[in-house]
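Every chain is named by a letter (A, B, C and D) in the order it is written, and numbering of its residues begins at 1.
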Amino acid sequence: MDLAALLDRIADDVAPEIGRGSVADYIPALARVEPRRFGMAVAEVDGRLHGVGDWRTPFSIQSMSKVFTLALALSHGDGVWTRVGREPSGNPFNSLVQLENEDGIPRNPFINAGALVVTDELAHHGDAAETLLRFLREESGNADIGIDAEVAASEAGHADRNRALAYFMASYRNMRRPVPDVLDQYVRQCSIAMNCADVARSAVFLARHGVRNDGTRLLGLSAAKRVNAVMLTCGTYDAAGEFAYRVGLPGKSGVGGGIVAIVPGRCAVCVWSPGLDARGNSVAGVAALDRFTTLTGWSIF
Amino acid sequence: MDLAALLDRIADDVAPEIGRGSVADYIPALARVEPRRFGMAVAEVDGRLHGVGDWRTPFSIQSMSKVFTLALALSHGDGVWTRVGREPSGNPFNSLVQLENEDGIPRNPFINAGALVVTDELAHHGDAAETLLRFLREESGNADIGIDAEVAASEAGHADRNRALAYFMASYRNMRRPVPDVLDQYVRQCSIAMNCADVARSAVFLARHGVRNDGTRLLGLSAAKRVNAVMLTCGTYDAAGEFAYRVGLPGKSGVGGGIVAIVPGRCAVCVWSPGLDARGNSVAGVAALDRFTTLTGWSIF
Amino acid sequence: MDLAALLDRIADDVAPEIGRGSVADYIPALARVEPRRFGMAVAEVDGRLHGVGDWRTPFSIQSMSKVFTLALALSHGDGVWTRVGREPSGNPFNSLVQLENEDGIPRNPFINAGALVVTDELAHHGDAAETLLRFLREESGNADIGIDAEVAASEAGHADRNRALAYFMASYRNMRRPVPDVLDQYVRQCSIAMNCADVARSAVFLARHGVRNDGTRLLGLSAAKRVNAVMLTCGTYDAAGEFAYRVGLPGKSGVGGGIVAIVPGRCAVCVWSPGLDARGNSVAGVAALDRFTTLTGWSIF
Amino acid sequence: MDLAALLDRIADDVAPEIGRGSVADYIPALARVEPRRFGMAVAEVDGRLHGVGDWRTPFSIQSMSKVFTLALALSHGDGVWTRVGREPSGNPFNSLVQLENEDGIPRNPFINAGALVVTDELAHHGDAAETLLRFLREESGNADIGIDAEVAASEAGHADRNRALAYFMASYRNMRRPVPDVLDQYVRQCSIAMNCADVARSAVFLARHGVRNDGTRLLGLSAAKRVNAVMLTCGTYDAAGEFAYRVGLPGKSGVGGGIVAIVPGRCAVCVWSPGLDARGNSVAGVAALDRFTTLTGWSIF
């Protein structure tokens, strides 16, 4: 399959969707992003890389970081699963309701509460944001990937909800390090800026069932498959069922407008377009992935 | 792969799990089932059939019927999706809470409320239980498949919760036919008795992306894949995330102790063992499917 | 205090509120009511009766009936309290959420689910609607009080939500008689038409701590006080706190626009005006009771 | 009525209840309290004071402080009501669920979230704990009333849940001052130690409809009555309906085992016994108030 030509076609097909939806506006640094951007990249398991549109333009990865921190935490063992569940939440990503009904154990690692637990876990092995940065730079081969300081400062100033989530879990003894430390590392992770090519290259180990670009193994076969399973059931906020239905691939979205998706055994895909739907997923991004699986026939179902 | 030998090995491996858990006891006809039964069958897309243990013993399919009625309703078009969602519920299968918060639209077709809507929709085209029976007999080639009259009578006598769900949806105008009619058809669907071989043969059209055993098409490629997607995210009550994580296949369970799972492009699997875990899924059944995907490497992730 | 003059003054004061809000429109028979009606009556414990405006015009008592059926059920003993609680619900009057979380035991006897239980309890001693009618006729001295057949028929045709509530409780074994029977009696109770004078005279036994107009005792001192307590905490749907705050009297409202309130030791008050606020309480009715307690100083606080 | 003799009789009557229930144990300083303590005091509107048992022994007032801070906040005007509701919560005192559903506006000023808002409001006029201390010393005439430093330190070390509540409200812009400041003032209020006599004398202005012991007015007639109304509907956590039913007086409890209740126009009562029921109210305290209203006939109903 000529993926380069395919990406061109997809970019044409979804053009009417680009600019639709609303750019995240809870912090000024995100609100300023030009809504009509669109980029898409595919990193194949054999190392080939393809892209279209703004695929070399960095954007804020936000919650896409949660896939990588989960994988990094699992590379140290299964311990994190005693502190966070694996079920879809059925509620918005920053809801406290279930957390209360379920004694401070977040439903899954991709809602904010769960990602805070994963960060707390990863922090046993050094600053979680630094660990993540190092991994992303190594996988992508791009040493320039960094934290957007303006986004990080802005996030830190709008973190009361996450702070509430963290203290709430602390009240159930499900937070080991001091909340301000965990929150700081969490905010810096979310504020990393990357382009589609680098995200796709950093995520392709999940299509390779755990094997990194340098041939070493980050995760065992089962663990890697299971990260994909959690992405499928929990990766797109409370629209995971809809995403599985339309796209049929494990995927994780971020409010920066990015989505990363995995075709097991084949490739990782990253798409970026800042306009979000009501549930926080990129409108043009979902449409592009929908076209991608329709045209390739590569859904997992 | 020698699936016959594989099934033998799985039966050995899961022997310690057989008899664990609790047999469904809300009606006497189910409570009487011998807990130490175990059967498993695989129907391949090319027609080959394999089995082990009690794979020729009929059991009550219960909620496994919901996969078939959904597929049959979708064979008439997409209309049902205006009346039922596609998101995991995050709540027990017969909960009313979300139904109230979401104006009488059930979260998905595999919780009881959603299946009542699907039955109501299918009933436009004739008695839904009869339609289902006809389909199951044709696909399995077993004309003896029937409704267990004792189970049906018993279910009808313990249907107050489902009756409440149906009237509740009626109060939101999401029930078209009279509640007693819909409930009667729903109860009879759940009371069908089948063996593992027949279930696997009846479900293999989902592995064949919509094509029935006689080569005709029940569903288009996309629609069939999408039924699989809904099974993955919503098929095992509030344990869908755990099932995706452990087994990695679309699956649908019933409180009779059966689970049907799909390996797209390859086969349908049906396993049966009556002991249920706290969430209503067969203990030995989940274990057997876990072994199956581990040994074959056939998870979708 | 010259209550007749006082009522005239209140009618003047609240004139701007009359016609505000929305008339209940879920059934045609209620939707047709002229919104600009206003009546108010006071029945003193010594038998004196005062009124203003449309105080002799019958209206649909709806949920005000719940106070009387509770008192009648309690006249047979405390048994009903094993099947219904005494706490404010904090949720709309016909919500199923709490019922599910609390195993089919309604929070209090003034939400619909609780009133269905009270009806079921009262039905042990004969048809509950007939028992209620007999009591209301005796207390008011008005043998013409009856059930509005059009309202009753209309309610019966819009009872799916209440039917769902009743079957839901039945699934928890908290419904003793057949649901259709209980529902029929419940609907007829709510469909009784009375005027303000008759309601006030029928309720004054609660101001007399249980003693009826003929000097016999319906309830003991404690039981009567406790009905007042439940009215205060639960009598005005999810606005009970606001009503206690503004009016400071035990009161029970109905979607027909009536409110009955008790001044312990002094009198019962009934006010009627069909325009309802967002929580289902009469706008002009609450305003009139607010004026009444302000002018008389007769709040219980 | 000979209140001194009455209190002796009540102490005898409730003796079997003393020591029942569980002493609050979330902080060591409270867990150490001797469970078999019992004291009760009545402060009449004319200044007479009566007591029995341990009525001169200081204890931790905890949530009873919320009544006084509400009254002090209202003495500056009605502004606080734009930030907190007046409805019973129907949920435990430190729940976050409703807060989320209702956009960060707490249901009432007596759940923790609401009291944090009241503290934030009162803090406009100086340190809220100091303001409260000054008021309590003036009303009781006891200059020795102070903050228990050990309790305060202990509370501050177990405040993650309250910290979560405060940051959660901050995320809805319903917290004006920095969370750490508000929390510090809140913790010190709750850690005040007082005896029954001093609490009763400090609360009797609510029985005098707003007039303090020195004849000056803290609150207008309406405002004072309304504080009583909020106490009745919301003062005893999620047992307010039960307390109204059994006791029939406005009351506010604390997990230190104290309860303060108001008989409008007559007196304030404070009872203390550390054993708590499942909902956090003193077992012997509720029993004593129940006896008190039964023997005096002074319920408000």
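Basically, a contact is a pair of C-beta atoms (placed from the backbone, for glycine too) under 8 Å apart; a residue touches a chain by one contact, two chains touch by 3 or more.
Here is each chain with its UniProt name: A, B, C, D = Glutaminase.
Source: prediction; values computed, not measured.
Q: Name, by label, each chain that touches both members of the pair chain C and chain D.
A: Shared contacts of chain C and chain D: no chain.
Q: Among the chains, which one keeps its Cα centre farthest from the Cα centre of chain D?
A: Measuring from the centre of chain D, the most distant chain centre belongs to B.
Q: When the C-alpha atoms of chain B and chain C are each averaged to a single point, how far apart are the two points in Å?
A: Those two chain centres are 47 Å apart.
Q: Once you find the CA centre of chain B and the CA centre of chain D, what distance in Å lies between them?
A: Between these chains, centre-to-centre, one finds 55 Å.
Q: Do you know which chain B residues sit against two or more other chains?
A: Answer for chain B, listing residues that touch two or more other chains: there are none.
Q: Residue numbers of chain A touching chain D in their complex, please.
A: 95-97, 99-100, 160-161, 163-168, 170-171
Q: Give every residue of chain B touching chain A within the complex, in rising order.
A: These residues of chain B touch chain A: 85-91, 98, 107-108, 222, 225-226, 228-230, 232-234, 238-242, 244-245, 248, 250, 264, 294, 299-301.
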